[in-house]
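You will see subunit A twice below: alongside subunit B first, and alongside subunit C after that.
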Partner chain A sequence: MANSILLTILEVILMPLVAFIVGLFMVLMMRKLAAKLQRRVGPPLFQPLYDIVKLYGKQTQISHGLIHDIGIIMAVGGYVAAEALLPVPGMDGIAAKGGLVTLAYLMMVPSLGLALGVGQCANPNGSIGISRALTAMLAYDIPFIIVIFGVAYHFGSTNLVSIIATQQAEGIAGWGISEMPILAIAGLFALHASLGKQPFEIYIAPAEIATGPMVEMGGKFLGGLFVMQTFQLYTASVLYVSLFLGGGENWVTFLIKCFAVLAIPVLIAYLFPRYRTEDLIRLVWKWPVMLALLGVAFVMN
Partner chain B sequence: MKSTDLDRIEVNPKTMPKRTNPLANVFDDLVRFCRSRSMFMLHYCTGCGAIELPPAMTSRFDMERLGIQPMVTPRQADILLITGYVSIKTLKRVILTYEQMGSPKYVIGICSCTVNGGMYWQSYATAKKLDEYMPVDLYIAGCMPRPEAVIEGLQQLMDKIKNDQANSWKQYYENYDYYLGNQQKLFGNNWQTPTDVIGEAEIYRLMGPQTLGEHTKILQQVQKPMEPLEMKL
Partner chain C sequence: MRPENYQAVNHPPSHEYELNFGPNHPGIEGNYALKVKLQGDIVIEARADGGYLHRGFEKLMENRLWIQNIALVPRICVPDPVPMEVCYSLAVEDLDDIKVPERAQWLRVLQLELSRIAAHLFTFGGHAATTGMYTPMYWGVTDRDLILDLFEELTGGRVYSIYNLPGGVRQDMPEGFLQRVTQTMDYIDGRLKDYDNLFFTNQIFIRRSKGVGVINQQQALEWGVTGPNLRACGLAFDVRRDDSYLIYDQLDFDIPTEDAGDAWARTLVRRMELVESIRIVRQVVQALPDIKGPVRTPIPNPLAWRVKAGDSYTRVESSKGELAYYIVSNGEEKPYRVHIRGPSSMHAVQVLEKLSVGCRLEDVAQTMFSLDACPPEVDR
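Right after this comes the complex of A and B.
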């Protein structure tokens, strides 16, 4: 009994660390793919790590207040907590006790944390950026929740461990993507929107609102956001793999699936400019929501 | 700050506390290496610089393979890239931008305009030498230097950072009186920036004998405290 508790604690510590390392390579892949699309060489292998170490090594005595500091901790902490609920091969953590609903809830915490923090720095670009970020969250969360509902209804469970076990027991024919292809497409759409990449990049928009929420962030604050980005990419792709691609039988297939899932939105992203806010909401509330509802209708039939 | 406060500030630099961690040097080397391999740059481009610099960033010459990428706000940036002439009006904005960057920060002057005024030497509205107003780490001369020269210059800066020689940001604190004097000569004695440079110098322990002087005395007489903007709908 005590042994299993110790093992769980060890897993809960290890899972975010693994997520961070995999996430660093995901950031690298994203930047490399962007470079290849633009016929450039792209950054070296350890570039994401150099950036983070450099940002944490910067000196600053600027403070925007306590809430600003706590906001960054919430933003990173929300994802760190989410990693403990995402089963990976060999480690389940507390996934069996948390379930999909808790996970969906935790994935909203970072945006709210950022909203708290950026609100205090009183930069108009930051306020515009964070209001856009929350609007975007409102847009992509609706298809996301419908997709999660459909998957949970299909497998008769919100427990990610049992969802993955069911899919793996039946092989490729039992994967979510072959049983619920329409929901899988809607899910990919929502995943792309949740990453905040072009054409859904409304709240970063460097040329328009000077990177929005990040406008006053320098040094350690920006470093925190870079760490958050590694977790964000990891969480989104692992959740998609768990719901639709049968999770991971072992680390090799698991990582191949995760990177492949992430490559799709990234390859699309760097070919597009940016939507306006109202166009984004119109688009996301129309097509992925319609697809997801259609998918749910098929699942419930 | 009243002028009587001037006497209370210790002018002699406080020494840094001695480092007891045996791995401190290794750690410093690592941080310096990462600094040299990851430089976020903020480019202040006027005239020809705005046209000639993008090729250095995009497909043909690709700065990202050296870890250099453009950033949009001074808080996020490490390098301030000034290409082309700075007029007296824009120099104010350049100084505001420079003071808002987090340390360590590096300034690169590109084009002969930043070295000695270039073809604007006779202009009454142009600041001739950039390093009279802020410390410059590196000049890349030329009118306008080709992307190869720009990247060569950036690689020299990388080597300087790696060898701990790119410390000119400290000079701004140590010789603040000199830089402020030159700024006051151009902008008048009422010149002040929102950043409290003297306070920062104290926190960084970079107060030198040249930090305070007659020009900072003038600043302290005219300085108005920063107040939050009034919220209006």
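Right after this comes the complex of A and C.
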């Protein structure tokens, strides 16, 4: 019993670390793919890590106040907590005790944390950015929640460990994507929108609102957002793999699936401009929601 | 405070706020600022704020020798510096009755059109980036570099070539240069299909740029709009054809126009002009080997050169619009007065201010980039 508790504690500590390291490589892949499309060389292997180390090495001269500091901690903390609920090969953490609903809730925390932190900066660009980010969240969370509901209904559980086990027991034919293809497409839409990449990149928008939430961030605060990005990429892709691609049988297949899933929105992102806010909401509430509802209807039959 | 001195402060409604685009902002071209007042997402007031690049080019020119100004003028418009050199040289040649050799005129046209292609490639990238699309920006910069390679080979300078002097050009082209120009044109011609697929036919970009910053033909004429921005309103006016200079009257090219007058139309006109410029370059490449002779008419000792007294107004068609130099000489070693009529002074100040009002926040940067203004030219 004591051993099992110790093992769980160890996993809960290790899982965010693994997420951070894999997330760094995901950031690298994203930048490399962008560079390939844009006919550039792209950054070297450890550039994402160098960026974070450099930013954390900077001395903080000013703070916008306690809420600002807490906001960044919430933004990173939300994802760190989420990692303990995302099973990976060999480590389930507390996934069996949590569930999809808790995970979905934790994935909303970073946006709320950013809203708190950036709101205290009182920079209009930041405030507009956050208002756009929350609007975008309102848009993509609806298909996301419907997809989660559909998957949970299909597998009869909100427990990710058992969802993955069911898929793996039946092979590729039993994967979520084979049994619920419409939901899988809707889920990919929601995943892309949740990453905030083009054409859904309405809240960074450098030419419009001077990078929005990031406008008042520098040094450790910006470093915090960089760390958040690594977790964000990891969380979104691992969740998708867990719901639709049978999770990870081993680390090799797991990582291949995660990186392949992430490559889809990344490749699309660098070929499109961003939508206007209302176009984004119209699109996301139309197609992904319709697809998700259709997927749920199929699942419930 | 005594009651009679009390004045209620009129606060603006809480939903109105101010936002600065620039002078250090990804949505502004260069060191320039647009201060906007918004009501929600809609701009209700806009004020252009220049001066961040002010070096006083016009005044500086009055204190330099005629020949020294050649090194100064390209700096007035970094993305398209060649028309600055050519226009200044044409004005000085007009003042001093200098006849430019034919070969030099063809070389000038070659360089002018290459510069137009480079500037348009740069502009597409900038416009795309304002809508969040960065790939055309990298492509544009990379392809523009091929033209800068040609400039380096021809003139020794990549951006500021300082190649055109009163009397002609500094030197003839190196051996095999025309072949390399043809190769580059073939490459860029081939790349246009990629640009079309990625950018010009991108439905999200079209949706975002159509109906943004609309100018009708009458407004365009009243506000002093020129160049591709004027032609995007349906008026086929181009100095190269309508007040021809150098050897443009011997060349076969079309003046592309669009009718909508919006950001989309302006970008489309530039896209079509790119094809026309490539066409002109090909004609020059074909004709140049048969045009023999010097590339420069000798001028007096440049350090003691006194240009004849008089005044001259000379205009050329730059990639941004109509560019003109009004130069007054009192027969001294330096110009008495130089005035530059740059297209950006109109486009980036009064036109941008007017178009921004009623515009949405997300379209402000796009409006400016679609006008293709050049801030140092505003601050000249």
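One rule holds for everything that comes next: the second predicted complex is superposed on the first by the 301 of 301 C-alpha atoms of A that agree within 3 Å, B and C clash if a C-alpha of one lies under 4 Å from a C-alpha of the other, contacts with A are read in each partner's own complex, and residues count from 1 in each chain.
Operating definition for what follows: a residue touches a chain if its C-beta (ideal position, glycine included) is under 8 Å from a C-beta of that chain, and two chains touch if they have at least 3 such contacts.
Here the structure is a predicted model, which means the values were calculated and not measured.
Asks: Check whether A:N250 is in contact with subunit B, with subunit C, with both or with neither, and answer first, second, both or neither.
Replies: neither
Asks: Which partner does A:S4 contact after superposing on A: first (subunit B), second (subunit C), both, neither?
Replies: So A:S4 meets neither subunit B nor subunit C here.
Asks: Would you check which partner chain A:L37 touches, where first means subunit B only, second means subunit C only, and both and neither mean what they say?
Replies: So A:L37 only meets subunit C here.
Asks: Going by the contact rule set out at the top, does A:E201 touch subunit B (first), subunit C (second), both, or neither?
Replies: A:E201 sits against subunit C, while subunit B stays out of touch.
Asks: For A:I128 in the superposed arrangement: first (subunit B), second (subunit C), both or neither?
Replies: A:I128 contacts subunit C only, not subunit B.
Asks: Please indicate which partner A:Y270 is in contact with in the superposed arrangement: first for subunit B, second for subunit C, both, or neither.
Replies: Only subunit C; A:Y270 stays clear of subunit B.
Asks: Just to be sure I read the superposition right, which of the two partners does A:N301 touch: subunit B = first, subunit C = second, or both, or neither?
Replies: Touch partners of A:N301: none, neither subunit B nor subunit C.
Asks: Looking at A:A210, would you say it contacts subunit B, subunit C, both, or neither? Reply first, second, both or neither.
Replies: A:A210: touches subunit B and subunit C.
Asks: Which residues would you name on subunit A as touching subunit B in one complex and subunit C in the other?
Replies: 38-40, 206-207, 210-211
Asks: Can you list the residues on subunit B that touch subunit A in the complex?
Replies: Contact set of subunit B toward subunit A: 30-31, 33-35, 37-38, 58-59, 62, 64-65, 67, 71-76, 78, 101-104, 199-200, 203-204, 228-229.
Asks: Spell out the part of subunit C that touches subunit A in their complex, as residue ranges.
Replies: It comes out as residues 17-19, 25-27, 128-135, 137-139, 142, 198, 202, 204-205, 207-208, 360-362, 364-366.
Asks: Can you tell me which positions in subunit A touch subunit B when the two form their complex?
Replies: Residues of subunit A touching subunit B: 31, 35, 38-44, 47, 49-51, 53-54, 57-62, 122, 206-207, 210-211, 214-219, 222.
Asks: Which stretch or stretches of subunit A touch subunit C in the complex?
Replies: 34, 37-40, 124-125, 128, 198-199, 201, 205-211, 270-277, 279
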